[in-house]
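First chain A sits with chain B, and in the next complex the same chain sits with chain C.
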Partner chain A sequence: MGAFFRVAWHVMRKDMTVEIRSREILFTTVLFAVSVVLIFSFAIVREGRAPDDVAAGILWVAISFAGTLAMGRTFERERYNDTLRALILAPADRPAIYMGKLLGLLLLMALVEIILLPLVGLLFSAPIFAYPIMLSMLLAAGTLGFAAVGTLFAAMLVRVRSRDTLLPVLLYPITIPVMIAGVRGTAALFQAAPDEPMARFWIGLLVFWDAIFVTLALWTFEPVMTE
Partner chain B sequence: MQRLTVTDVARHYGRRKALSQINFTCDAGEIVGLLGPNGAGKSTLLNILATLLTASKGRVEYGDGGATTGAEVRGRIGMLGHDLFLYPELTARENLTFFARLYAVADVPRVVARALERAGLTDRANDLVSGFSRGMRQRVALERALLHEPQLILLDEPFTGLDQASTAALVARLRERQRAGCLIVLATHDLDVAEGLLSRAIYLRDGRMVGSDTGSEGLLDRYRRAIQ
Partner chain C sequence: MRKLTTPFIALSAAMLLAAPWIINAAPYESTMGLVQKVFYFHFPSAILFLVSSVICGIHSFRFLFLKRQSADAWALSAAELGLLFGALTLVTGPLWARKAWGVWWVWDPRLTSSLLLFLIFAAYLMLRQYGGPGSDRLAAGMALFGMLNVPFIYVSVNVWRTLHPMTSVVPTLPTDMGIPLWFCFTAFTMLFIALLTLRATLEHQRARVEALYLAEDEG
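Right, the complex of A and B next:
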């Protein structure tokens, strides 16, 4: 077990070092996510007031679109110089490599969300500080569920020519439950009369989803990576 | 790993046969060349030997039978691909350190320092690989493949883009590994360099093995006879 997390840590650290040097994924995903939120605010906000319950939907649309962009890029990088083959040739557990890539992606998406959340709060008058712990749990569980499936699909598609088109086509239908749970749970916290039990229910559902799909992804990563 | 045995190996991509009926055995201490024109199946065969591709048919045995796949086998293989398996955004030291840790090499700083010394890049250890020439990258990539002292070394076109000095250094390093008892399998088009280096040549054409010999002289003539 120690070796598993050691490998995952090294893969994540390597991904972060590469990202810090290039800042390619962070800049493009942040710019994209901010653009999505701004476009929605120009279209929806009238005289400084946004319609009720739209903030949660816009937040999750921005997260999912930006996340999809990051997922594609994180494996695209491994195609340059064929480093993906070097990773899977190593005697390390292949699921540990998946875990390292997933942790790196989660860290990047967390950075995007740290920028995105205040922006949504500001533009759509969403009470982001009313329930900070529950909101953080919703975002963490939702992002994990989305990224767990997305990282697996991005790895599966890395050798496919039309991978950029196929990734969202495959990912979005499978992650509809994550999006529904994320939006409904966040909306329950953002509405005028916050509904804590409802938010807790959706957090529970997300945790259940995460447990299933992280396990499935770890289980299937090795056969997926074997040609 | 004393022996590598390839038995009736085939690889199909749909209806297209990339490889069929490949049979050979080679022993530790040999340098085996996979020779053939483009599309002969050399890289496919190397990838199957590296466990990166599964054979559609047949069997590859590492050592005296037993393990044919899995982490234990991968830990005994070092591969240098046509692409160099290096991260251009990382320095030479960071690349080697990352892979040394992935291979669970003991005493990583010492092993990496030794690898940099062998590559002749101690002075450039903290420079990004993206700023290196092809020859320098090739040297780092070779040391990356040898960090964990593999018993089976697989090289795909290792002499491509190298000048005379770099080629000579690579040949010397391969000879040193041969003397250490490693089995080296390399795919190459560069028959001038391979002449005198190979202890065994395997000739491939259109995915089929069309010959094999163990001579050390007259490789070009032997190649022409086998491939025509």
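Right, the complex of A and C next:
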């Protein structure tokens, strides 16, 4: 078990080192997420005011769009430098490689969310500090479920020609349960009369989905990545 | 199995031809009137829609983890039939909804998740179509995740408040409505089995022809 996490740690550190030197994915993803929020504000705002209860939806749509961009790019880098084969050939558990990639993606998405959340709170006057722990649990669990499937699919599609278009087509229908739980739970916290038990129910459901998605992804990564 | 497909198709075709008369003979439902009769087609296609996703998932599992090469053809056939029966479900559903709820579509959990499953089948087939070499394994991985959505769909109707009739409606139907329903259900199931077998056989033969061509090129 120790070896598993050591490999995962090394893969994540490698990705983070590359990312810290270029900051390419982080900057493009953040900018993209902000643009998504902006586009939504144009679509939704009437007479200078956004309707109530849209903040949760906008937040999660921005997270999922930006996340798709980030996961596509992390594997694009491996393909471009032809290092994916080296990674697969490394004498390490394949699931550990997946775990490292997933952790790196989670870290990136967490950074994006740290910038995105105050922005949405500010622009759509959402009470983001009312339930900080539950809100961060929702975000963490939702992002994990989304990224767990996304990392697997992005890895699968690396060798496929039309990967950029296929990734969202495959990813969104599968992760809709996670999105529903994330949006409904966040909306329960953002609404005028916050509904704590409701948010707790959705957090529980998200954790349940996370467990299933991560287990299945760890399990599937090995046979799918074998050439 | 292959010998059975012709009588199977003949019988299910005959049953489906007879179905309009049997459905016509069933009594009118008091509130829904004529539109209720779409239910005799909606229910079997919806069930087979879910069944095909389970078949697709199980065979994808066999293909991916147990390395059964022939399982892939079954998974593909099940996915194609899933798309077909899903389309039937999604067309007949709104016809019923228009009369019952006054709108063609509501964002109710069960409707939403059926649309979702339909999209998953479409994405699966798209991956196989445009994925290039090796896409069979990738699609199998995708199908495993798609199968997870089935219990989500089934449970959603009982857990959340929903407009869609409960899953307990069917056993409580009066007999004269139950007979045409189960008649249609049997006919659709037989059609499903026949099409599934035929399609999988075709796919197996295609794979064999491809292997033979490859062998000839090498030899």
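Throughout what follows, the second predicted complex is superposed on the first by the 223 of 227 C-alpha atoms of A that agree within 3 Å, B and C clash if a C-alpha of one lies under 4 Å from a C-alpha of the other, contacts with A are read in each partner's own complex, and residues count from 1 in each chain.
The rule is simple: contacts are C-beta pairs under 8 Å (C-beta built on N, C-alpha and C of every residue); 3 or more make two chains touch, one makes a residue touch a chain.
Not measured: the values here are computed from a predicted model.
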Which superposed partner A:A70 touches (first chain B, second chain C, both, neither): neither
First, second, both or neither for A:L116, with chain B first and chain C second: neither
Which of chain B and chain C A:V18 touches, first, second, both or neither: first
Partner chain(s) touched by A:A181 [first = chain B, second = chain C, both, neither]: neither
Partner chain(s) touched by A:R161 [first = chain B, second = chain C, both, neither]: second
Touching both chain B and chain C, residues of chain A: 226-227
Interfacial residue positions of chain A with respect to chain B in the complex: 3, 6-7, 10-11, 14, 17-18, 21-22, 80-83, 85-93, 226-227
Chain B residues within the chain A interface of the complex: 47, 50-54, 71-72, 74-75, 77, 79, 81-90, 94, 98-99, 101-104, 128, 144
Touching residues on chain A, where the partner in the complex is chain C: 149, 152-153, 156-157, 159-162, 166, 169-170, 173-174, 176-177, 212-213, 216, 220, 223-224, 226-227
Chain C to chain A touching residues, read off their complex: 64-65, 116, 119-120, 123, 126-127, 130-132, 134-135, 137-138, 140-142, 144-146, 148-149, 152
